[in-house]
């Protein structure tokens, strides 16, 4: 069985990670997974939220959003609606948790970083692209802080792990990696997996959208995702080395 | 190693499912997992949201909330804050998806059911108790509809599956079932699993709260959760038979 | 003329006041007036709102809310609507004023207590049940504070009065005590009265819902309410003595 | 004992009712009770809210608000705060209920009237001035509708009763009529009473702000208020006759 | 060509500026441009917003709003809608900027003034009437502050300039001054101009509502507006001298 | 006097207009004025808002927003704050008015177009870049509609005019064209001008931010802006021709 875009079931879409895409943020990365394009920026501020003051530890949060016409049909702005939808909040929380897993907060010192992930063009996998790109933006921001000596330790100690994320799903009975929109909407099972650069899990979120799934199928999906994340980790390493 | 409440690592807290706990709803169940107590009600209305009109299919949504002092320290009301938090929306969406997996919407006909899950007392596992209790409330509501002949098929066809849910986590390196609050806050890994009565997965959500996890650990957590859900399914059957 | 539930015109519904109904709050009372059931909790925190700091005086507020399906037909959650309705605010304010009439704020010291009154099941008289139950929860919280020596005087000085509340109304020309929902909706005149344990008035709120009323009728309603409150005060004393 | 403004305890402040104060509304009345000045307008629209459609009956609502600097110190605008306070909603609801008591909704036909009561200058008694002025604006709007033949009956049938309202309170132990701001803030008991032109009660709201009150005191306050409302009814008659 | 109200194309409507219209504010002016009536109040408070603390400079803001029935057909209250519309915010910002151009903030000292402009009756030109009236209210407030010695310099140094504003527009090809509502809605071009008392510009906002405009027409409109503002400046001087 | 970026006072920054920058919208243009980069998309939907139904005429609106870190320091998201700021609304309204001046709504037929202008990188002049880019996106959307025969006339009749916009200001006494951020913040006078392709004015908005301005200066600024807009119109023509 071949996929509409000609890929094999276990193949990623082309991935690009463009650093320094905008000039103002301390880290600014345009990530693309095929036609999905997300601008990930990292903004550094001194100090931490009130509940963390005096702890000697830093903090990292994330905010995800889609431009109104990043999608096939235009979605109303959440600023106009006056409230943030559940999906948006869920994804923002997922990105924040995933990136916090990379950091030693003591080493960060009492500094805060906000990761903004704005979807410019959506074609499935926006949250996994966001996590993958945000890691690179975060690395750039940590390096920037290291140069200015505002960390409590070396950048390598602060960011002791990398993370990347990928979606997997079951379409017509077949487990597939990195679903574009047209596969995503008809997947029976849909799973997002966040892994570290050394292959451990940070998050596993699997949902039987249109069907339930047994343990054997779950195992296959996890294998597929782990292999995909390994490739993304390599792409992140290359981007940061250049 | 023994747990603070004397349980074994693979043991559930005492579970109760009290049907008809309040008189107004079509289904009303007070569920308790140990000290966690959630009131789950099912409210039936004829008709469906606009986007589903004319489809011949019904719809089910869920809303989760905590009473302000269900917890150790009082939380501000979301009605007073004027916005619903990300955690609340995330759990409401999880409950809705899980319960929709039980239903044949064609058989339900163009009717809507809202499942309200209000936490009266919180001691860990509120979302899993909510899903487990909401299933029983939903079953009562479907039976009520069957008696009034407002379904498009028999109640058994409408509700073709049961679901229950349980939390598992890793504390001091040990995988444990059904975490109370004091274990939940110190778990390195935290996972919520929703299963059908026949042992398939509906949702798997695992998070490395304080540590990442490898495949072997993930496998143990899934085994533990599946066994726990099987016991909950049995408790649901008994409650509905009485 | 007999009422649908067999009561005399001047008779209360069965009243229960269950202390310690949930474990977390400093005071937690489940009050029932017939089928009306309200969970009243008292939450203590050190310190007072900014405008009262340095005054040496404490503060008490109340928040009333109904579970969405406490009623016959489901009401939308105020958290989902993003705003609190006028009726909810009016009742919250009434409960707060009534309970503040019991307290010596100097003796309370700079401490705050929030009274949450959540209606689990509604059958008329929810605000009067809430006031009656909240008083008992408040008394438990004050006793708890006394034990921990965080009051500026003895508990008896802090809580120098008891309050209870009851509804009265005119149905088919007859003044009646403690209206259930089915009487409430067709009452020509509807009145809520808050009294102290020694029979004085704290609040009198009478409304000609479907008809105006003369002084003679008003006098009868006040007599009926005062007698009802005296019985409730006795029930409170018994509950607190047990 | 004399009051600061030289009045007797049972004396109203000077009352004015200026009709046609602005040109756009169907009824527009500037009412003053001493220094308290409220602009009351009545706006007529054809049709009724959805829940009342097809009933053949009309509807009346009221909205009360204070200009930010109508008071001694500036209050933030509720539009800026993004939510309407409890006091505002409570008063809006009171005005609406009071005015609805004057009307035969069948005779009004399926028409709606909104009564806007905007406080231009506040010196105590704004809600009672608002009710008193809104009645006159309502009468003008009903007359306007009668001239255009958009009522289901004659104006006299539509508006079968007049209402007016006054505050009473206890200052230094003395019951007093029509409290200005400086008395209002120190009153032990504060009561607002709405009466019909023929002396019956529509609303009675008494609050022990700083002290509880017994039946004898309540009786005196009711006498005082009834006498005050009778004078206001006379002022309304004169204003409408001119 | 004559205008509906008999004015020449370059003629203002009758202007009144009534000082001390309400008693509470430090400055309170009822301004009318024909049937347009706006209550402008100036409220003084010590201190400045956080971002300006320690600067030694004061601050001035403005808030504009319309009473719901100031207009021909009733508009919903922005407090009820829970959000402030774009037009309201735009006008509030315009008034604030215009009045800030009159002030030496160092001379004002760390004090804040809020200018509230509430439209009681609208007939075109509400924003220009508001600016013109707010200047007089501001002058009264500055004088009040001078008397109490809470300025960092003399009132004349604080308020070193006057401002007034007028609308101009093109109707049926003819440039006209000070448009009432019926002209405003059919103007091809609409312009609001804010000038100082010595004839310089503070703001120029021209919009081709129904047609574009060339430079020659723009020049004529600016001439007309400058002449109108000169007359308004004279009216302000007279009002403040009386 | 030379500018920091080496430009002459009457020189534009480099302008680019990239069509088809994202694939989903009917028109999608990335516009840059120097370092200012705005994504302008045009989204077509059949039908018009309720108030325009049955008129046979179409409608166009615009929404402007800034990504949180498009600026030097991160701004909070308006969706998170729950309300849209005055500046955002003002600019959205300006863009909408400006683009509506290009269209014959009868020729458009009952179709709606939303223009979203999202600032990816901000360096002064974001609103003028947005208008200039939105015109090109609108032209592409109209052409797209023409191909699908959903217009009531030919595309050339629908879009009978082009518009572009530019900022001008006075820095150190010198009138300058197209201000970058560092000039914008210190400009004494700041003006935004919207012109048609044939040199007429659509909008003129001049503000004395730090100083007032006389007629001679205003004239120079208008000359400068008109010349700038002529160059932008030429750039638009080239972009649409390619």
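By written order: A, B, C, D, E and F. Residues from 1 in each chain.
What we mean here is this: a contact is a pair of C-beta atoms (placed from the backbone, for glycine too) under 8 Å apart; a residue touches a chain by one contact, two chains touch by 3 or more.
Since the structure is predicted, the reported quantities are computational estimates derived from the model, not experimental observations.
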Exercise. Which neighbours does chain D have in common with chain F?
Worked result: E
Exercise. Shared touching chains for chain C and chain D?
Worked result: none
For this session: Quick one: superpose chain B on chain D by CA and send over the rotation angle as a multiple of 5°.
Result: 120
Seminar exercise, completed: Maximum distance between Cα centroids and chain F occurs for chain C
Seminar exercise, completed: Distance in whole angstrom between the CA centres of chain B and chain C is 33
For this session: With chain centres taken as the means of their Cα atoms, state the distance from chain B to chain E in Å.
Result: 59
Problem set entry | Sites on chain A at which at least two other chains make contact | 82-84
For this session: Could you walk the ring starting from chain B, turning first toward chain C, and list the chains encountered?
Result: B, C, D, E, F, A
Problem set entry | Complex contact set, residues of chain E against chain D | 22-25, 28, 35, 37, 39, 41, 43, 45, 63, 65, 67-72, 74, 77-84, 88, 114, 116, 118, 120-122
For this session: Can you check the complex and tell me which residues of chain E touch chain F?
Result: 83-87, 89-90, 92-93, 97, 101, 161, 191, 196, 199-209, 212-215, 218, 222, 226
